[in-house]
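The structure appears right after this line, and notes come after that.
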């Protein structure tokens, strides 16, 4: 300090006195760019791959083929020998049927469990155990759920390999933890003052849940469920494990029909020898699946945004 | 529950000497007012009575041996510094403390002579008799009509809902302002209107007591004065128990005032004029004159 | 920046009449103290000077045309009711407001004659000269040693770190208490110790000014008095600017006091004794006697 | 004074209890699921271990079901290679991404980047597998001679897939670091770089660690990418030939499960049962990691909430 | 499960990946006429199909690239399943290498067995001196497949055992890709998979003592491509023929076996006489079950 004494004369006459020095920002700037590049890397890589697959699916570089992704592709049965005749119809129908079954199973169960954990359970050991267990289940590999489906639903309960019901049950168990966790978050976001108001009016717990908590958290619950369904329609490994067939011609007509689904169909096409399958049909299937997924996610985001505007 | 507290309330009433219930020397405006209407109503009939009431949150005691008698169809104000347990006491009247996991109540609280902490009391039924209004307005994200009708709906009072909704809004001095927008969201109202909406919601199912926890603290002066007028009107039909941190407000609107001090004690409970003009307890005097709090 | 403020500060210094910088009639203890040490230091040499300083948060103005000269090696207290802009002013001295996206500063603030809002000023370099201590103790989740050494490390003052750490702890009156646990976490200390640790951390790199924003408000009375003693000691070597909402504290520890009032005005700035004994401004008098705030 | 009737309405109470029981049942289902997973896996795994000694299974270095040789190490090796490879990509990139999002990005950039990263995590893994096989591998082949099925391109794809997991959990942890610590650092004349690296990252370390463990667990359990792109050749790690390890075909635990599952589903053979033994191993590893990550994460939550 | 209403209009098939393309083409054609029938085909390999699906009664038809084994007949019998065999095409099992491997065009059966033998050759130069001193990369059929069994028997014979040091897969595409990706790779699979990719991989001629014969539909038809040409079959559960959907499908299938459909897939079709024989056999079987 003492060495500063001369300098520290309030030299008010010279406005151009040097500043207090500069601290080098080289690292700062470099690091900023580094982190920014890192943040973009995955996204850019994915964008490049998506561009590739889109170019292939639309046959942009080989216009003589015509786009692989066309009406015929969406409405025809699959083919495993003629890429030009190959279609995605049974897979699309299978995926939709599967999604309906999964939604019907997971929505009530997931919301029920979330209601219990948020509204009824007290913060005891059991609750914390259940909570921890749900978090863990969310991280169990999907192929293990496939084994569960195989061992429990196919072998033990004999519900048939590769059927709509078994696939629905198996993938439901897989996404249930995700549905529960997101429903819990939605329920937790309902302000306590709303519950207090309802209880203060002499409402029972169930009346409070039904009239106050659920209406208010429903957009959040729906968003979470739809996103989880998005995850569900992309799952392949569980379908393989429960013996979903390689090819299906026709549409499922009961819960016990054997089904295929979009990712499964992509997987089985991917090993056709012809290059047209590799770079055409499979690409078209992948693009279709991604478009469906994107649509689902957009719906979820739309719901979320509308809901956020209201509160 | 202590054995003592198990004796019936009336028996105790004569046995026990209680702070601030002795005869008050100074005559006050309130006594005048009640005297005027003596012909119709029984003066100072007790509707709620606490006997040696303790409330704990986990290991922390928030209320210590509260004894208090709240008279029917009057406004009773609870005042005291922050954290002294006013809200806790209010919530123990309609058992809203049940909703707090760690809260535990010991001692007795009688509503019309019935201990609300008896085994056979259903808190839901209790709360239908004792309505509640909260600190910040908390209307449901529903229409104004649905907000007011909510209590009627959950309590199964399904006839003449529309009429009852209008009456409640009228009594809450809100009808004129919202008559044309009953089907619009309650959230679109101003803060003061929202709070009156909450009051309308609370009175629509016609409870006997209305508990209010700092109902005007989130409001501007104009809205506050509307709420204060309303509270005075309400006391003609309802028993009102109100928590406030605003001493002027307590002095303006209440008939009786209870002063809680830090630690969860009820230090003095008496006619409002007595408390503000001539408190018995020095700490109450200090508090009222703003020496602390 | 207004055109006015662009004129050089000296010009203004003579042109402008400023609140509270006129000669003070009453002699006070502080003046005595500085008189005693006159031989070594220049009395009341200005180190920080605000000229028509406005600060906005978005469209809200938090400070209005502040003019103030803060003397070197003294304790200057900033007092005023909540929300009047004390913290804002403090943060504008070392440009911590830069970190708030919506904050915008107009006017000039000179540190040793250099406008810290000039283009060529690097706020990071500025902050190395002007240390800061915050309202609630915020030690890093690191060892005590690392906490104190942090500023040294960041500023590249790498020699004799251990010695400097001990000196800083010593000056912050903490060394005795923590000597044996320098490698334990700073979070394990008591609140008062944590705050002294933060002070040690601020003085370790040897800044010229130390800004303190209500450094004792989160502490108990014992810890507070330790901090107060410490501040008095620090002013022998450092310029201290302290925000406090505790008027007694300001009176006890500061040489100069600036009173801000709601709206972000600096209403009076003078020797502390003058302010507390004989303020010029009626609103200041009201505030100091507790009529509001 | 007549005492008011405050007794409960019986039907109302019963209904309340019924709803509670119903919802409790839903919550209990999650525990049943865990029990079912363990039971199904154990049921057939026990049979398997009757035929193949656990010692042989857990210490064996050769996996050739055709010859009834079941040593799980080659599969674990394959899984480790993929996990390592994807970690090298995802852990640093995910962390840097989290730092960018939490410390540098403007609100607008965040509003774009976060959902974009979510998309990364949402792409079906079968599509990633396909990408790896038909786009990444040929691209890599142009640089180094590489097998059609190789651990490298699968690792890259798995790495890209788990970036969002690392970045989002790490960012949560960084956002939980109180601003007062940042202010303290800026107040001492620190630059943003210093604040990020010397205050925010160390303070968020347990959250970052937790994200790492969770992401690795995800990589270990990833199935389709490796089944499609990494090949079906069970190989023991060869530390003397690190390049070969990545450039050649391997087989992970999950890929082995798909291989068996896709060909030999309902049989009662030892090979079929080996599916459950491998599944059990995988389940135990990932479950332990998830638990550990929860535990680590709960520590940072304790500190700042 | 079988009693459920939807089931009767379904035909469930599992088995050989070699036969899979034929069956799927037929199924696709069949659906053009009968869109009320849903057909599902699982590609599990011949053996997997028999032991896991067909004999336990879970499928109606099993695709097979070899004849049913005795143990499998027993297993089926135990479950009251009566398999009926129909030959549907002839295949030339094709051995392929990388097109850049210009040092090799033809192998002898002896050399092949050296390559695929357990504890056999590790490097090409061990098989023939002028071949490169490089490690052999093997891609082959999984043990559950009929292709594996046939190759094992035809090349390695009774005494030899198939090596386990190879990339085993039920997915023939994987073999194509694997061989395509490595100059020193070798693989084998059904002719159809080669036929589709003649530029990406190179088929080797096989010398069974009578000079080098390249695999092709002609050489297979003429019986010159030995020992790797073989018949492809479907096995139908006689019990499933009670259901009209299965009956109609099998009848349609057998009618198609002598058409270009099989040719296009890459196999040798049946002659019309053989086809008629099959149809007659089917009629008998149907009569037997419907008579009851």
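As written, the chains take the letters A, B, C, D and E, and residue 1 is the first residue of each chain.
Quick note on the criterion: a residue touches a chain if its C-beta (ideal position, glycine included) is under 8 Å from a C-beta of that chain, and two chains touch if they have at least 3 such contacts.
A quick map from chain label to UniProt name: A = Phosphate transport system permease protein PstA; B, C = Phosphate ABC transporter ATP-binding protein, PhoT family; D = Phosphate transport system permease protein.
Since the model is a prediction, treat every value here as computed from it, not as a measurement.
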| item | value |
| --- | --- |
| Steps needed, at minimum, to go from chain C to chain E via contacts | 2 |
| Pair of chains whose C-beta contact count is the highest in the structure | A-D |
| Furthest chain, CA centroid comparison against chain B | E |
| Inter-centroid spacing, chain C versus chain B (mean Cα positions, whole Å) | 47 |
| Separation of chain B from chain D, taking each centre as the mean of its C-alpha atoms, in whole Å | 55 |
| Inter-centroid spacing, chain C versus chain A (mean Cα positions, whole Å) | 52 |
| Cα-centroid distance, chain B relative to chain E, in whole angstrom | 86 |
| Chain D residues counted as touching two or more neighbouring chains | 12, 133, 189, 191, 262, 265-266 |
| Junction residues of chain A - those touching two or more other chains | 23, 161, 204, 243, 270 |
| Residues of chain E touching at least two other chains | 53, 58, 171, 174 |
| Pairs of chains in contact (touch as defined earlier), listed by label | A-B, A-C, A-D, A-E, B-D, C-D, D-E |
| Sites on chain C touched by chain D in the complex | 94, 96, 99, 124-128, 131-132, 134, 136, 138-142, 150-151, 153-155, 198, 201-202, 205 |
| Contact set on chain D toward chain C in their complex | 178, 180-191, 194, 198-199, 202-203, 303 |
| Touching residues (chain side chain A, partner chain C) in the complex | 1, 4, 7-8, 10-15, 17-23 |
| In the complex with chain A, residue positions of chain C that touch it | 8-10, 13, 45-47, 72, 110-115, 118, 120-122, 124-126, 128-129, 206, 208, 237 |
| Partner chain E, residues of chain D touching it in the complex | 64-67, 69, 133, 137, 141, 146-149, 231-233, 249, 259, 262-267, 269 |
